[in-house]
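Here subunit A shows up in two complexes: once beside subunit B, once beside subunit C.
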Partner chain A sequence: MRARFGDQTSTALMLAIPALLGLTLFILLPFLTALALSFTNLRLGSPLPVEWVGLEQFRRIFSDADFLRALANNLLFAAVVVPLQTALALALALLLNQGLRGATAFRTLFFMPVVFPMSLVAVIWTLVYAPGPNGMMNALLEQVSFGYWEARDFLRDPVLALPAIMLLSIWQGSGYQMVILLAGLQNIPQELYEGAALDGAGHRQQLLHVTLPQLRNPLIFVMLVTTILAFRLFDQVQIMTRGGPDNATTTVMYETVQAIFTRRQVGRACAMAVVFFLLVLTITWLQRRLVRQEREVA
Partner chain B sequence: MKPTAHFLTQLLRYSVLTTLALLFLAPLIIMLVGSLKADARVLVEAGTLAAFLPDEASLDNYADVFRRSDFLRFFFNSVLITSAIVISGLLVNSLAGYAFARLQWRGRDLLFNLVLALMILPFEAIAVPLFYGVSMLGLRDTYFAQIAPFIANAFSIYLFYSFFIGLPKEFEEAARLDGADTLRIFFTIIVPNSKPVFASVAILSFLTWWGSYLWPLMVTIGPSVRPLPVAITGFFTLPPLLWGDILAFGVMMVAPVLVVFIIFQRWFVRGVTASAIKG
Partner chain C sequence: MASIVFDHVSKTYSDGADVIRQLHLAVENGELLVLVGPSGCGKSTALRMVAGLEEISAGEIRIDGRVVNDIPPQRRNLAMVFQNYALYPHMTVRRNLEFPLRMRKLAGAEITRRAEKIAEMLDLTALLERKPKALSGGQRQRVAMGRAIVRDADAFLMDEPLSNLDAKLRVQIRTEIASLQARLDVTTLYVTHDQVEAMTLGQRVAVIREGRLQQVAPPWEIYRQPANIFVAGFIGSPGMNVLRGTLEAVDGNPVIDLGPTRLSLPKQTLVDHPGLQADLGQALLIGIRPEAIHLADNLTKDVLPAQAHAVESLGHETILHVTTGLTTIPCDTINPAASATPAPPLIAVLPGRHTFRPGDSLRLDIDGNGLCFFDMSGNAVR
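Right after this comes the complex of A and B.
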């Protein structure tokens, strides 16, 4: 055994070391640093000595109204965007899986926003949401409501600002979910549908009893990715609303960047990053459990 | 199903798809058409059908972008940073994936589990300490700070690992009997037979880093090493607000990606899908 191992260990290490070194220096080490610093009061450029403050930073951020609002916004964003975007992507995938002519062209179209950088998307949609009756979204809503819609300034409206950001996020992200669900649909064995049809199952029953159960894992995956994206929400907020108006669109990442960037509070920002990590960890753990349960049943 | 009923279902499907496609396309058409219009008309006509019609089109806005901003510089920065990350990432991560998938060595399983665990960590969770470290070392506003942290990537290693582990054993055995060493086997046998995974990883990391915004926003100070995603927001807030110019900037920023996407779209879709099925 020893001889067999020994003969490849040095080669393997040589191959793996650049990557392992990179991961250690730029991911593992910063992460452990964040953990450690979240228990201190470190500030960039502060003359005060650095002190160990225990859980003080966590106590402070959880009694900070801005941060709590940010957490609530992230949760609301996830609660609205994840089901809507998944439903839209599923509908698109089902439509494109009917063997229609031109399906590939439609797939290309719906996937196109995915290759757009989010910062550019945010800029374009700022124009879409332009205030006044000439704004594209205002004009569209006026048309479809037969003139009942009164022009609003979406991005400066405390009620509409977050939904406005949700909408463009759905526009940018559903193509990504769609191609994954489409691949999942194409993996479902045709015999299952044939069997169901023999049993007299109609289209709707086939969808409920064959398609959706077979699509379970891809669905859980896209929902997990979208939930995590909802908690990473930053670019759109920074570019379009700066967290406003009145914190209506602030997010955990936005507050974190504010803490380190404008207030130079390293300790506090690290505590926020740790909270963010715990959220992501919980979501991932939930997903793993859901997938595993299914495997046990099957 | 009766032929007429079938026809009606098809018609319904096409109308739903077409309506959705138009809604999806509208913002992109507005960008393209607006970039060809006089600045003052972009906002005024945004809510009318004129937003979709480029009458009196001109390229003045494009000329303005070059005059009012250092577009070529930003473009060069984005190309340099993204290609450096993608190319060195392909090399570094595929070698590691190969070592984990095909070689027997002590500590392999332990280290591989560590790599898997790191996959859960989103970049946002380490942006703050990384920023602190980069500031302390005086490395802000450098290419280095925008490239080095992202070369090694746990998810890329995992994608390579998943692909390599599925290759038949006979691949290496013949070559090994001929006395070829591991590196030689890797480059002459493994790499040529693994084009799909290299394409997937390249496309995924290209998309991630070409559009990356948070990190360059944090580490760049001036325009010298600033990439396009941060540059466009700078241009966006540069007074006076000229929508035609901003949209022209956007078109030039996304056009190269769109061209590559249209040509290689099968690979884009496959790359994105691979990340889901493997993950």
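Right after this comes the complex of A and C.
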């Protein structure tokens, strides 16, 4: 018996080797290299010798106003986008789950932005946000406000630039969440709703006492993924605002890319990447704890 | 507490399928009525129409005299036990029991008091803080019962509540349901495909076939005097044998010519079934319970020769499937006079253990007492 298990283990290891090799080569090694480099002052093209500087890079980025602004922007972005996008996705999923006519067509429509590449979406929305009264968004707002709206240059306005990027991100991302929540909704047994109806629960109470608790795990999952994506925010910023105006839309990812590709500060960029990794790791850990609690008591 | 009345209720699905046809039936105040029938006969649909989970295509359903056709389930004040229990998986047993009371916005202390009282009654107190996943099938079933009785519902609706339990537990919970219903004295509509449940639980039993009500009567009457050959074959395990024969009078005594053999009936038969007078000399269908077939002895007048086809020994009794020269009729046939399906074997139930083997020749004796008679379209002749 033991010999058989031994055989199985070695077979399993053999089968896992190609994947493990890829993971080691392209994920683990680069990450360990980045970790090591974050403790140095490596800068490409610099005449200074490479030195071990300990935590100096981390001290520097945390006293760097640009990086702190980027962190704050990411946090604000996540705090606004995650709940709004999830709520919108849930609302769309609930609507589609009613089994109304044409639901399939709407599902495709709502999901479409997800399959567009972000670079394309960003270019299109740059046109939507075009300055002057002829810009689409300006024209729309002027229409619905009966002329009270004064045309603004969204992407160059320190107050409006980040919200503008938030809006397009929600539009682009909610379709993906919607599909996952819709699958979750369709897994809820119909009998629970029937039982609840006979127990006297109306639609609102069924949503509160049956739908939301039953959707708990898909909800945690989509919120986790959205949070990670929110921290990875880069494409829209790179294409639409380049972090401006006045750092209003800069992000950790954007700062990292700037550091390494524009200023060639490899050590510094690696320190930022490590901070980013720790942030994502913390969020993942929190989510796993939440889900595990649910499994234990269930 | 309330009565439930189906007043010529029909249900037609959008694809034109008739599930319930002109159902006319009343469940009296405090009565436990069992709706029984083969799967797909529409019995669950009938129950769900009472609950408000299915629309009514035609006719009226009245609960306590009030027409409920357009009243949503929330406002019908009925409690239902589902086949899969439909417990809320994310709530503890306590929360599950409290849920209907919370929805009715009772005071917190009252909710706790009633939930705990029900838990004690159903022996669930030790399980109050558990979630449904951590309960056995029988325990879940009891929680589902508890959730139904925790509030003062006008009536209970039970949709095959025992079908997910193993055989032993089913017997135990069946008696629990019967005693609980008797103690609470609440109107109950109980749906099952299991005729044993129907016979043991029901104060009255309603047999449904293809959306049509076949017979409503107390269990014993359904067993003794089935309204047609479908009921005769469905109720009882195994069901009644139905044979084709001719009724004759020999010297004033009724005799049935079964082809290979004759069966003398007691004189009383014509008195008990006055309708038979008109059938003298005519072909008709005779229903014989498997328990009315015995092994022949020296005193037997009309011996029926037979050959064992299958032998099932249950210990306390032996079920014999035999082939005879008799014309047996399948009970689920629509037109018994011209049935295309092959004739089923004759079935006999003998008390005790018998060591026959397939192929053995047997001599059987049919008890002429307590037979049922049907005309050639399958309806009872009384």
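Heads up, the rule we're going with is that the second predicted complex is superposed on the first by the 280 of 298 C-alpha atoms of A that agree within 3 Å, B and C clash if a C-alpha of one lies under 4 Å from a C-alpha of the other, contacts with A are read in each partner's own complex, and residues count from 1 in each chain.
Note that a contact is a pair of C-beta atoms (placed from the backbone, for glycine too) under 8 Å apart; a residue touches a chain by one contact, two chains touch by 3 or more.
The structure presented is a predicted model; accordingly, all values stated were derived computationally and were not measured.
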* Sharing subunit A, do subunit B and subunit C clash or fit in the superposition? -> fit
* Asked: Which touches a greater number of subunit A residues, subunit B or subunit C?
  -> B
* After lining up the shared chain so the two structures overlap, which partner does A:F31 touch, if you call subunit B first and subunit C second: first, second, both or neither? -> first
* To do: Identify the partner contact of A:P158: answer first if only subunit B is touched, second if only subunit C is, both if each is, neither if none is.
  => neither
* Asked: In the superposed arrangement, which partner chain does A:P83 touch: subunit B (first), subunit C (second), both, or neither?
  -> neither
* Given Cα centres, how many degrees, to the nearest 10, is the angle at subunit A formed with subunit B and subunit C? -> 80
* Is A:G195 touching the first partner subunit B, the second partner subunit C, both, or neither of them? -> second
* To do: Tell me which partner A:G54 touches in the superposition: subunit B (first), subunit C (second), both or neither.
  => neither
* Structure fact -> Overlaying both structures gives a minimum C-alpha distance between subunit B and subunit C, in Å, of 6
* Structure fact -> Going through subunit A, the residues touched by subunit B and also by subunit C turn out to be none
* Structure fact -> In the complex, the residues of subunit C that touch subunit A are 51-53, 72-74, 76, 78-80, 82, 84, 86-91, 99-100, 103-104, 131, 133, 147
* To do: Please name which positions on subunit B make contact with subunit A in the complex.
  => 10, 13-14, 16-17, 20-21, 24-28, 30-31, 34, 42-48, 51, 92-93, 95-96, 98-100, 103-108, 111, 114-115, 118, 120-122, 124-133, 135, 148-152, 154, 157, 181-183, 186, 207, 210-211, 213-214, 217-218, 228-230, 232-233, 236, 243, 246-247, 250, 253-254, 257-258, 261-262, 265, 268-269, 272-273, 276-277, 279
* To do: Could you pull out which subunit A residues touch subunit C in their complex?
  => 189, 191-192, 194-202, 205, 209-210, 213-214, 216, 297-298
* Can you list the residues on subunit A that touch subunit B in the complex? -> 4-5, 8-9, 11-13, 15-16, 18-23, 26-28, 30-31, 33-34, 37, 44, 92, 95-96, 98, 100, 106-128, 130, 133-136, 138-140, 171, 176, 179-180, 183, 218, 221-222, 225, 228, 232, 234-235, 238-239, 253, 256-257, 260-261, 266, 269-270, 272-274, 276-277, 280-281, 284
